[in-house]
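Two complexes are shown next, each including subunit A; its partner changes from subunit B in the first to subunit C in the second.
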Partner chain A sequence: MSSVRGYLSGFLISGLLMLAATYMAATHAFPPFGLLMVITVCAAIATIAQTYFLLHIDTAEHNIWNTVSLVLFIPLFVLTIGLTWWMFSQLYLHTMPAMAGMH
Partner chain B sequence: MLVQLPGGWNPLLGRLALDQIPYDNPILAPLFVAVVIGTLVMLGLITYYRKWGYLWKEWLTTVDHKKLGVMYIIIGLVMLFRGFIDGLMIRTQQVWANGPHSSGVFGAVHGYLTPFHFGQVYSAHGLIMILLAATPLLVGFMNIIVPIQIGARDMAYPYLNALGLWITAAAAVLIMISLFVGDFAHNGWFGYAPIFELQYSPGVGVDYWIWTLQLTALGTTLGGINLLVTIIKMRAPGMTWFRLPIFVWTSLSANIIALTSFPALQVALGLVAADRYFGSHFFTAGFGGNLMLYTNLFWLWGHPEVYFVILPAFGMMSEIFPTFSEKPLFGYVTMVAASFAIAGVSWMVWLHHFFTMGAGPQVNSFFSVATMLVGIPTGVKVFNWAFTMYRGRITYSAAMLWAIGALFMLLVGGMTGMMLAVPAINYMVHNSVFVIAHFHSMLLVIVYAIFGSVIFWFPKVFGFRLDEHWAKVMFWLFTAGSMLVFVPMYMLGFMGMTRRLDYVFNPAWHPYLAVMEAGIAVYCLSVLSFVMLLYVSIRDRVKNRAEADAWGSSRSLEWLTHSPVPFYNFAVTPHVNARDEVAWRREHGLDGRQPDRYVDIHMPSNTGMALYIGALTFVLGFALTWRIWWLSLLALVAIILLMVIRSFRGDDGYTITGAELERMEKDALRNRTRADGKYVTDGLGQLAGAAMAYSRNSPPMGGNSSSGSQSGI
Partner chain C sequence: MSSHGNTVDPKKTVLWDAEYHGHDVISTRSLGFFLYLLSDGMIFATLFAAYGVLSYSHNYFGGPTPSQFVHPWYTFTQTVSLFLSVLAYGMGMAAMKNRNRGGLISGLLGALVLGVVFLCLDVHDMTDLARQGITIATSGGTSAFIILTQVHAAHIFFGLIWILVMVAQVSSKGFTTDTVGRLLSLRMFWHLQAIIWVFVYVFVYLWGYIS
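What follows is the complex of A and B.
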């Protein structure tokens, strides 16, 4: 997997996704919330591509500890992003009832 | 330029100009002169005693985990002293600038520090104490002890280990240089949006703060990766998971936290840097920015970080208590579970640093309950330690005193922490010195554990015990100082004194402030007694020479090998039979056994590459701070080039043959039998030579290794 082709595909995929996201943000291709979603999806795909092609993390036997760390990372991801989202949605609810552009 | 910079900028020197040197500052200018003279004297002494070659071969290019650990600890102790001086300045300013009639000197209306200067002092104090004193001290101990405790020859990645050290050193140099070139940040150690934005802090202080933090984060992350891989992959045969010493377990949990949380800090600081350098609006009030998002991101790292520093301290206490109670640790499995419970919960509590943000009762309740949950595993640990001591044969040695002191501080800090976990109380004492007293109690747990460990593991690393009398004198002075400073601070917190005051308005608080100042004076005495402790111990080192088992009642694997530990750790990789291997061997009459046959050992070569890259990261940080773009680019390209070169060249290492090993082991044993005062040493350099044990006269450097790559151990 650690071939020139693998590295090139990882680089190309993440590069293209970044360009696409930049282009969409620069031209306001979607309404703000839609843009946020599209960019998030682009980032998620780029992350997976980089994990697979550049960091060579898959579910093979020799990668067992990498898999373990990846699985451990999921609850952390859910906790940090989820709790942040929750506290800020509550904060906006209590401090800025009508915030334009966020809905 | 993407942002409008106040003041001058030129392509060659960036924002650097002669008027950025505070030569007219009555505090910094004499200090600068003293530092220059001190440096010259030191360089002169090294040259006079012809120690440059020794320094280069044995220390600057080393990849030996014990020497790197010692250097981490030296950096930590130096920065602990610097942070203490900052603390002394804060206390002195507050006792002086108290009430409207207090005098002022050096341009300050009250006291001797202007508000701007005072802001820099407390910001530097916090940043230094947490990231450049506590963290390097703990990383240093983990570096030295963890590989020996699991029976490994070295860390999994010796070169990466050196790289982590030199990047941490670069961070320490960067914050020190901010004393004499430009200013430091005045936004507190954790920073606030929007005060660190360019329009409110136009100087270079915040930039120094950003890049110092980034470098320590990078260095600590590299060290964390290394320790994790070492613990998972490098354990000796028979060292199963549930035979690991507790210190290794706490190191494992702490480094999982470090590895997962430091990226959050680096992202937060990267976004602050984007705001300041590119004019983006992540943390501004307008243009879609969000002030509180910074606080959120920072404490997303910040709270796991405080458990990253407390967990190894718990591990240290767990090693010291059983040794001086002559009993195995009570509740080993619950201790492991408690460490991981603390590590896990550390990810769900960070909002308690900003309860007053106004996220509402649901959010505050959740984080309040999560915070209180931490008390359960911590309580388990406290009771385990108490039961370890219960009906034990306790020796009140200096190390034990420090560990008991840590336990006491943990109770004080833990109880006040529980109070602060209640949002209603938190609203009352938010931003008061009560909070300061609470987290200083917790950080004192770490300091106590560290000084206990210095005494406990000193004979393992240097081959002789520290002087018990002076260690105890230091302990009692330090404890008296802690009580005098922090008990009044708790009381002032209840009276409503807020933190970070450059002018204390209420004259009625003067007695408390005066007692705290007296406490600082006692702290000064304890610093002096530490110097005295080192002096007396080094003077009496022959008398205090230590056996492999320095305390006679030691339990874990590090006490199996010689004191001082030879550079190859174990001549023959030990086979582990029990949880407390050394205690097990002692009970079965197997201690002192020597192997009948030695096999070749494969060791990593020294390399200067880590030092060069570390130095370049300092140049990068300095150039970015002053916006010297050409130098930043140059340093970055040079770092990448060196990394590529190192990656392609690799390291064949070198081999110690079985015969060579046998000769060194015989020497070590002979030294051990001559411990009755006939051991001859001359001068400090010789001591250090002996300290780092049977070092080769010229360790091979990377790249020109003559011996071919042999099969590993």
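What follows is the complex of A and C.
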């Protein structure tokens, strides 16, 4: 349970970041790869802000095991997506030479 | 937790308790439910992985791609309604902290209405796509796109049912260990949906629109 101010900060930070990401994507403000980098940074900061302000995940001792399990969860999440994507990108690269490099 | 900062003498240390002293019910349940939610996060990991490998241009088989059927500002209104719903829930929890039952129920009802708005916008979007002939059967790419976004929408649907149940329970039972514990679990569930939505919105809708 936390203060009204914490919930408002979480809402404002993530809302403004999503607004910025939407604006840049809708106007194609940068070349695709640059845009991907910028919106990834927006998503990362919004996620961290929501985790801290909304889920109250921090290093306070009363909920340290929530924090530990979330931190240990992140590599599982990243590896599941990353390794699957990598395997299939290699598969496409080697089995569909005409389509190599297409996204 | 009590061992922090104490020097341990191996000859005198008691390794287990002879009796059961009981647990803090709410914090034990909260941790258990949080671990369940993380395993739910792994469902999204597999769906994101499936979308990742099925979003190459050949996966659309020459058919429509998200860059043609995603409307960033339309989906942004979904983002705002979900974030506002989460904010309303948070305000309700802040009211609960002050033992304000009316404030909590208004917060829950606000979260419910905004969640329904989110779901209506999603259903409208999906029926619009279906009218254009874009369904899960169109191509591997649209299949992964629709399944991932609709699994998230299904989470919102069940969250809304849970919010309704909690409105009824708080109205009839008031603040008990059970209802407060459930409200804390629902808070984690509801806020986690907003966090997952950030990923769905940025990497599926926005990135799909750009590429």
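The rule is simple: the second predicted complex is superposed on the first by the 89 of 103 C-alpha atoms of A that agree within 3 Å, B and C clash if a C-alpha of one lies under 4 Å from a C-alpha of the other, contacts with A are read in each partner's own complex, and residues count from 1 in each chain.
Methods note: contacts are C-beta pairs under 8 Å (C-beta built on N, C-alpha and C of every residue); 3 or more make two chains touch, one makes a residue touch a chain.
Small disclaimer: the values here were computed from a predicted structure and weren't measured.
J.: Which partner reaches more residues of subunit A, subunit B or subunit C?
T.: Per-residue touch count on subunit A favours C.
J.: According to the stated criteria, A:43 is in contact with first (subunit B), second (subunit C), both, or neither; which is it?
T.: Only subunit C; A:43 stays clear of subunit B.
J.: Considering only touches as defined above, state whether A:9 meets subunit B (first), subunit C (second), both or neither.
T.: In the superposition, A:9 contacts neither subunit B nor subunit C.
J.: Determine, under the contact definition given at the top, whether A:65 touches first (subunit B), second (subunit C), both, or neither.
T.: both
J.: Have a look at where A:84 lands relative to subunit B and subunit C in the superposition and call it first, second, both or neither.
T.: Both partners, subunit B and subunit C.
J.: If I apply the document's touch criterion, which positions on subunit A are contacted by subunit B in one structure and by subunit C in the other?
T.: 65, 73, 76, 80, 84, 87-88
J.: Flag every residue of subunit B that touches subunit A in the complex, lowest number first.
T.: 232, 256, 260, 264, 288, 290, 292-293, 296, 300, 347-348, 351, 357-360, 362-363
J.: For the complex, which residues does subunit A have touching subunit C?
T.: 1-4, 6-8, 10-11, 14-15, 18-19, 21-22, 25-26, 28, 32, 35-36, 39-40, 42-43, 46-47, 50-51, 54-55, 61-63, 65-66, 69-70, 73, 76-77, 80-81, 84-85, 87-89, 92, 96, 99, 102-103
J.: Across the complex, what residues on subunit A touch subunit B?
T.: 65, 72-73, 76, 79-80, 83-84, 86-88, 90-91, 93-95, 101
J.: Inside the complex, what are the residues of subunit C that reach subunit A?
T.: On the subunit C side, the touching residues are 1, 4, 27, 30-31, 34-35, 38, 41-42, 45-46, 48-50, 52-53, 55-58, 72-73, 75-76, 79-80, 83-84, 86-87, 90-91, 93-94, 96-97, 184, 188, 191-192, 194-195, 198-199, 201-203, 206-207, 209-211.
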